[in-house]
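Handing you a structure now.
Think of it as A, B, C, D, E, F, G and H in the order they're written, each chain with its own count starting at 1.
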Amino acid sequence: MSDPEALKQLLEAVAQGVVSPQNALTELKHLAFEAVGDFAKIDHHRQLRTGFPEVIWGPGKTPDHIAQIMQTMGDRHPVVMATRIDVETYHQLQPKVHNLTYFPEARICALIQAPPQVRHRGTISILTAGTADLPVAEEAAVTAELSGFAVNRLWDVGVAGIHRLLSHRHVIEQADVLITVAGMEGALPSVVAGLADCPVIAVPTSVGYGVSFGGVSALLTMLNSCAAGIGVMNIDNGFGAAILAGQILRTAARLR
Amino acid sequence: MSDPEALKQLLEAVAQGVVSPQNALTELKHLAFEAVGDFAKIDHHRQLRTGFPEVIWGPGKTPDHIAQIMQTMGDRHPVVMATRIDVETYHQLQPKVHNLTYFPEARICALIQAPPQVRHRGTISILTAGTADLPVAEEAAVTAELSGFAVNRLWDVGVAGIHRLLSHRHVIEQADVLITVAGMEGALPSVVAGLADCPVIAVPTSVGYGVSFGGVSALLTMLNSCAAGIGVMNIDNGFGAAILAGQILRTAARLR
Amino acid sequence: MSDPEALKQLLEAVAQGVVSPQNALTELKHLAFEAVGDFAKIDHHRQLRTGFPEVIWGPGKTPDHIAQIMQTMGDRHPVVMATRIDVETYHQLQPKVHNLTYFPEARICALIQAPPQVRHRGTISILTAGTADLPVAEEAAVTAELSGFAVNRLWDVGVAGIHRLLSHRHVIEQADVLITVAGMEGALPSVVAGLADCPVIAVPTSVGYGVSFGGVSALLTMLNSCAAGIGVMNIDNGFGAAILAGQILRTAARLR
Amino acid sequence: MSDPEALKQLLEAVAQGVVSPQNALTELKHLAFEAVGDFAKIDHHRQLRTGFPEVIWGPGKTPDHIAQIMQTMGDRHPVVMATRIDVETYHQLQPKVHNLTYFPEARICALIQAPPQVRHRGTISILTAGTADLPVAEEAAVTAELSGFAVNRLWDVGVAGIHRLLSHRHVIEQADVLITVAGMEGALPSVVAGLADCPVIAVPTSVGYGVSFGGVSALLTMLNSCAAGIGVMNIDNGFGAAILAGQILRTAARLR
Amino acid sequence: MSDPEALKQLLEAVAQGVVSPQNALTELKHLAFEAVGDFAKIDHHRQLRTGFPEVIWGPGKTPDHIAQIMQTMGDRHPVVMATRIDVETYHQLQPKVHNLTYFPEARICALIQAPPQVRHRGTISILTAGTADLPVAEEAAVTAELSGFAVNRLWDVGVAGIHRLLSHRHVIEQADVLITVAGMEGALPSVVAGLADCPVIAVPTSVGYGVSFGGVSALLTMLNSCAAGIGVMNIDNGFGAAILAGQILRTAARLR
Amino acid sequence: MSDPEALKQLLEAVAQGVVSPQNALTELKHLAFEAVGDFAKIDHHRQLRTGFPEVIWGPGKTPDHIAQIMQTMGDRHPVVMATRIDVETYHQLQPKVHNLTYFPEARICALIQAPPQVRHRGTISILTAGTADLPVAEEAAVTAELSGFAVNRLWDVGVAGIHRLLSHRHVIEQADVLITVAGMEGALPSVVAGLADCPVIAVPTSVGYGVSFGGVSALLTMLNSCAAGIGVMNIDNGFGAAILAGQILRTAARLR
Amino acid sequence: MSDPEALKQLLEAVAQGVVSPQNALTELKHLAFEAVGDFAKIDHHRQLRTGFPEVIWGPGKTPDHIAQIMQTMGDRHPVVMATRIDVETYHQLQPKVHNLTYFPEARICALIQAPPQVRHRGTISILTAGTADLPVAEEAAVTAELSGFAVNRLWDVGVAGIHRLLSHRHVIEQADVLITVAGMEGALPSVVAGLADCPVIAVPTSVGYGVSFGGVSALLTMLNSCAAGIGVMNIDNGFGAAILAGQILRTAARLR
Amino acid sequence: MSDPEALKQLLEAVAQGVVSPQNALTELKHLAFEAVGDFAKIDHHRQLRTGFPEVIWGPGKTPDHIAQIMQTMGDRHPVVMATRIDVETYHQLQPKVHNLTYFPEARICALIQAPPQVRHRGTISILTAGTADLPVAEEAAVTAELSGFAVNRLWDVGVAGIHRLLSHRHVIEQADVLITVAGMEGALPSVVAGLADCPVIAVPTSVGYGVSFGGVSALLTMLNSCAAGIGVMNIDNGFGAAILAGQILRTAARLR
């Protein structure tokens, strides 16, 4: 009785006297959560409406499993994407899923019905400190583009060569929302947030060695930033950064 | 020569032949950084324009020092606030600074020329998991209100009593941006982000004991959330959450 | 419309034709969560029924706040208890709350309408490695007793003097559920679980110095135990251990 | 002289004057531990009686070694199982051990004389937050089933989609004991324990990346849970969770 | 029936026909552990015989508690000592315990019936890296002396001034067992063990700041030492070092 | 308009009345950072002037990528080097880059136009504690030599055999700047800094096992050294040590 | 026989036939370390010669102890200083030590025979990220000045307001050696080292909250810096930074 | 001039008037450390005398390197051993080194001139908690045996089956020195030290999973043991345990 139709039938049966109010009450006892099942569908609709693609987290799933989920989702969603897909897994997916697109640097596999178009106002600007941070930045960029957002890429502008960063100051100034991606000491977001007049998202990467501790040091730097108001992500989580950036731009659209 | 007026005078002197191009060039040599000093003022203006209050981080400063900075800033800014001010420090500040307002739960001291009004579209909704998280949540709330944003408070809706949270689902659904504040296991943002359709900011608090490690456990929970796109703050950083939330709403306004 | 009565009235209005099924459906749309509010009440009843006392976690609450909550709860609950209450806080609570009982070693304050009696089958046996672990063990013991369970205390039977422990082997053998409390290296649960034929709960304490790291070392020992099936609690969490032990005995009673 | 028979013979020899009390005293000197050796046998019997299978922890043992232990144990035990056995090790074990059963997802190899039947009252309900937590959950499930307990599986009901969990609320409500398995932020047990009225066991898994720290973050979440009374296991320790759950149901049976 | 006398009486009663073998068997059923209780007494004797003083760990005990234990033990032991006793606790103990001796630097309180004499062959040489390590070194020295061992003190010979250490090389060469005490980087044991031809015990101290992490850094240094065969103690555990050194010298005496 | 020439032309146009001061002001608005772009070029020149080779950090770059960067840089720089290049990568680079030199122990690949000569006063002395620290020490040595500095190598003089170190005391005494390289407990710099009268740089290595934690223990030792004034590097960062040592000697030359 | 005079007498006795070469050889057997005692004196002279003040680390020493050491040293050294001396300790030292100078911000107490003069070429420039880093920076500055070096102070130029830093670029460019002091995220040294052409020393401070972990986060940032060649100090170790900076300038002087 | 012969020649030259005392003094200036070089040789002799084998730590050395060192040492030492040698490395060493013996479980390769005999009084008893701890225990056992000590092995007596341990109590009681080897929770040494009357050495192993953290948990347990006087080793350091045990027995022999 989890769908509205069933609920409607019950109420009609009450109206027709076929079911007594008392018996309906009993039957409705667990309605709350069956109705919740209904809300889950509405959530489902919400996800379609927002334009964020359906996403499968790749690690720990077999290629067969990923392929099956992608195809099932692909029937009802314009874009379905799987993250953290290495080249080998892609080669195993390719024969199983028709029309698969692979973004090697972003390590994203996607099932795209139509070329993604910019469907939202505003631009997401993505900066990296070094070239080794690129895979994480591309995960963010591709996720954002597949979600219908315009993306502005700016690579290799780390703080140890501050002029490289400052010479691109207009990118920071004109951004609607900024994603900063950095490994090693992870100082880029602090400097960027001091220059920007928009929300800044920071993604630490696992780039580095020794006491970079696989990105923990960069993460701590970002959380401790003396530049107020930076939203920090888990290490290497470019995908999450794109989702937050997209939510920010969608909120902007909704508030109009 | 760091302000535009001085720069304009130099250029006019060149136009009038009073200063040769060569001498002007020499004088302009360090312009970049004097002009940078200029940008710093513009930044300053930007800060006035954005409506974020001038903020002094209290810890490690003497009451005399705080008082002096507040008064100097107070001449040029409608709102000046100092964070992490305990009651004792407030009592020492009170005789030194005229018209001081104290928000005891938020531990914020402010110099306010006129009662802050809501000057921005959108509402910042703030949720706490428990009552002990209140000081951090109030730091966020007061900062947001002093910055001209409308705030919606919802306390004590932790996940161990999920119905308390769900019964306020409309708050989550109608939010423009959400700040979730939680200590102990810090699971609130995960559940909220699964229900919300707007940017979610998470603030871990130092509430807890044993392996809560002063908020580190809650922080890790938030960074690891399987709900994508949560922007995480340093432990107890309610202030930073408010700044990010404010930036998000301002971006929305700017994109219109 | 969050209570069953309101729901019943709606259904009767449908039966009487006063409200159409379609309108009722609309009105029921948000029922799920209002009904959830209803479940919360049922949860409330469940708590009364199970006999676990209402519990207030003391830290971070003012004596006034604690007193107010205790009195409000005291009207509807036979036992209300507050944990982690030091002597000073107790002295501040005493004049504010009538008939307050204080358990100094357990650091528990309780409002008890009638002397707690053993209302459940089975005994909870509590063992400590040293005398310094006593406050945590007493927190467990008093919680269990206030919840209506019989408690068997056995203090200072740490593994460095294994014969002390073995000479009380019958306590371990006859236990229905065991709570083992240990600081320093925390090895007691491993030995006990090897001897016992019932569920074993382990509580690490913050007793120790140097690399005991405030109980973390004991916690790790318990989680790594080569004796299978030990349920581990947060450091110093005697209260939680008692709740789990109580749940185990209640389950036993329910399965009969 | 480690068995009661030998002890009886000695005492009879004393009664008959064949052995002097003094000599018997000398001979009894080490009796305590020879008798302890006797108790070890009784322990051995206890293990047979309880129905928990004999278990071999696979890691660090050669296939030959595992095969030999399984066969020796198999002579006297209806069920012998080895945990953490990957597919390759299984393929090496297969030709060496007759009638071997392999549970690939649970990574358990077992020697089963007769199909395991439910021999205990009560059901162990196992929930996972995600599909990647399955191997750990299956380790728990298979261990429980081989021990003669009924198991109820409920996969992929993580808190970020709270309605999925709530729509299965009856599983939680009707459970006799609950095992919750979660990686990443590990918030599932907190929500479940808030809904349940039975003992809750939590198993963190190593699923996640970045600051999930191989399951440590989920572990901390579970230990810090604001829902009181959760018994926590080591990371990925599905086996231990099943043993504790089994002990809980057996206690129930014994208390009757 | 836990002492040998009682056991002997039982056996004699069997020999005299007063108790039947069958009844004796029943009575002996729990002998193992009662006899274990007997062994515990023997352990007790062992402790008296070895000359190690009875020791009470001070932290977490009230002065009343410590006083009571000291007096009870004092009746049967020539030396009773309590460790980690600060000056204030000593002042509270003094009026309660007759003839109390206090070693302020070692923070040890002792009840000594006769001045301790050197009763064992061999000398325990104790070296510290700095003067701030003195309290820990004195805890070791006083413990050793109260246990009847000769002690050789050598303070402030840290490795940053290697000549100070080398100029006392004969102390290292002539030592029977060495205790090295060091905070900060804790490098002293590595150098000493390279020079010594006897067992070397290392005690890290909590002296230092920043990343000394309260002695953890010194501890790690000692555990990682490239000089093989150093036995490491917990941070600030001078007492334990003295016990191990004493055991080493007693073993030497026993092997003769 | 980022170079001085363009700026001069603008000023002359103002002098000639071709451009009004107002328009020039507008055009100069972004000058600061275009001029900053100019400074970046000057920085570039500085790097050529100082003689430090251009350096590419190898990890995370494809051989194609490294080859391309090396060749581009090689046109304008006498020495271009890539660090952390393993043998396999070198074999992939060799056919792509002409005249490549490989230093296998140092894991450095270099493009060298002319054999590097000593172009600076002073010697960099490099000491290792063990032979396993050699790759890190060689990374420092080769970097220094390619930068034009004289290097003095002294391997395997760890503190557990203090005489080996002391017998080479003249190396320490005659050094202009010392690089000490050590894994395991990392105590070498403390002893060396106590003997030296020049700047001491310390590089922890990842050599060790157990609680060496991949070099973290050695790092902590060096940071906590009681010998004042040691400059510490990240784990295994021989390259950075050479750069700092080079800067020190260049400063010496500049101060003359 | 540890001084040269004694050695000379022995050799003369050999020359005069009073002592045979064989006997002299025997007597010289332990000369090495007695002679080492001699070297220790030379080290002592070295310390006087270099002009670094004699330094006492205050923590863990009583005021009486500190006073006594200062006076003893004061007889032979022009400058004696004690670090980490809080105001209270100073007030206790003042009546005991004649002519004591106190630097409250640097928390340094000094016994100075004559006003320190600049006795070395070169300037030590010290930068702080925030005002709260001042005590550590002043510890470095006062140490350097008491050692006879010129100091250039530049406070509050953190990277979140990059223009403040860039507007003082000439300080960085003209520095002979730079000490950068920063808490929170500690990113200042990375930016400074990218701009500087001299050795850069980094001192993390314990300024911050939450995951600043008392300076550990800033320390990690500095060790991970992508700007090569930064020498890092322990947390809050301003003193050590000054000693290293002084060694660098003294090396410069010596190389001339 | 580092050998005694050279020193003797110098002294004879002085006696013969060939070298003046003054010139000899000058020449002797650096004698201290050349003489120290002499002491190094004496150390060398000490190592031969003590009977500890020459040891090469295998990791990070090529088979060629290990082979060369073994052969060089083999000329002058009756036993030369290399630790941490896996089977593959052994197969590479075998053709290069004549008469090589391999101990596969201990992972030790040795060059033994004559079968090692027991040359010291006393027995080293080695206990392991589980069978997976065997490689570490065998490293200790083989090292001890190659050093001429008698070894008593007792495997698989972990504390979760306390009777197994207690049934071998005589081994513990009769031991002269005990090495306890345990992974997982590492509780064995605590129980053993409570029963033993001789020095106890504890070796944590990396056996375990999850929060065993590669042996760190076992290490912490051992350092925190409430049984006083346990000497703890680095994780998996069976070799070091044997050396310490050997030193203890040798001290015993020397004290006679």
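Structural remarks
The working rule: a residue touches a chain if its C-beta (ideal position, glycine included) is under 8 Å from a C-beta of that chain, and two chains touch if they have at least 3 such contacts.
What you are looking at is a predicted structure, and each value in this text was computed from that prediction instead of being measured.
Of all chains in the assembly, those touching subunit C and also subunit D are A, B, E, H.
Distance between Cα centroids is largest for the pairing of subunit E with A. Annotation: the subunit A:subunit G pair of sequence copies touches via predominantly the same residues, more than half of the used numbers being shared.
Looking at E-H and D-E side by side, the one with more C-beta contacts is E-H. Per-chain CA centroids place subunit D at a distance of 56 Å from subunit F. Work out the mean CA point of subunit E and of subunit G, and you get 39 Å between them. In subunit H, 33, 36, 39, 161, 166, 210-212, 216, 219, 223-224, 234 are the positions where the chain touches two or more neighbouring chains simultaneously.
Chains touching one another form the pairs A-B, A-C, A-D, A-F, A-G, B-C, B-D, B-F, B-G, C-D, C-E, C-H, D-E, D-H, E-F, E-G, E-H, F-G, F-H, G-H. Subunit A contributes residues 129-130, 158-162, 166, 184-187, 190-191, 193-195, 208, 210-213, 216-218, 220-227 to its touches with subunit G in the complex.
Those residues of subunit H that touch subunit F in the shared complex are 2, 30, 33-34, 36-37, 39-40, 43, 57, 59-61, 204, 206, 214-216, 219, 234-237. Per the touch definition, subunit B reaches subunit F in the complex via residues 4, 7-8, 11-12, 14-15, 17, 20-22, 24-25, 28, 31-33, 35-36, 38-39. Of all the residues in subunit B, the ones that touch subunit A in their complex are 46, 50, 55, 121-122, 176-177, 197-201, 219, 223-224, 228-234, 239-244, 246-256. The residues of subunit F lying in touch with subunit H in their complex are 131-132, 161, 163-164, 166-167, 169-170, 207, 209-212.
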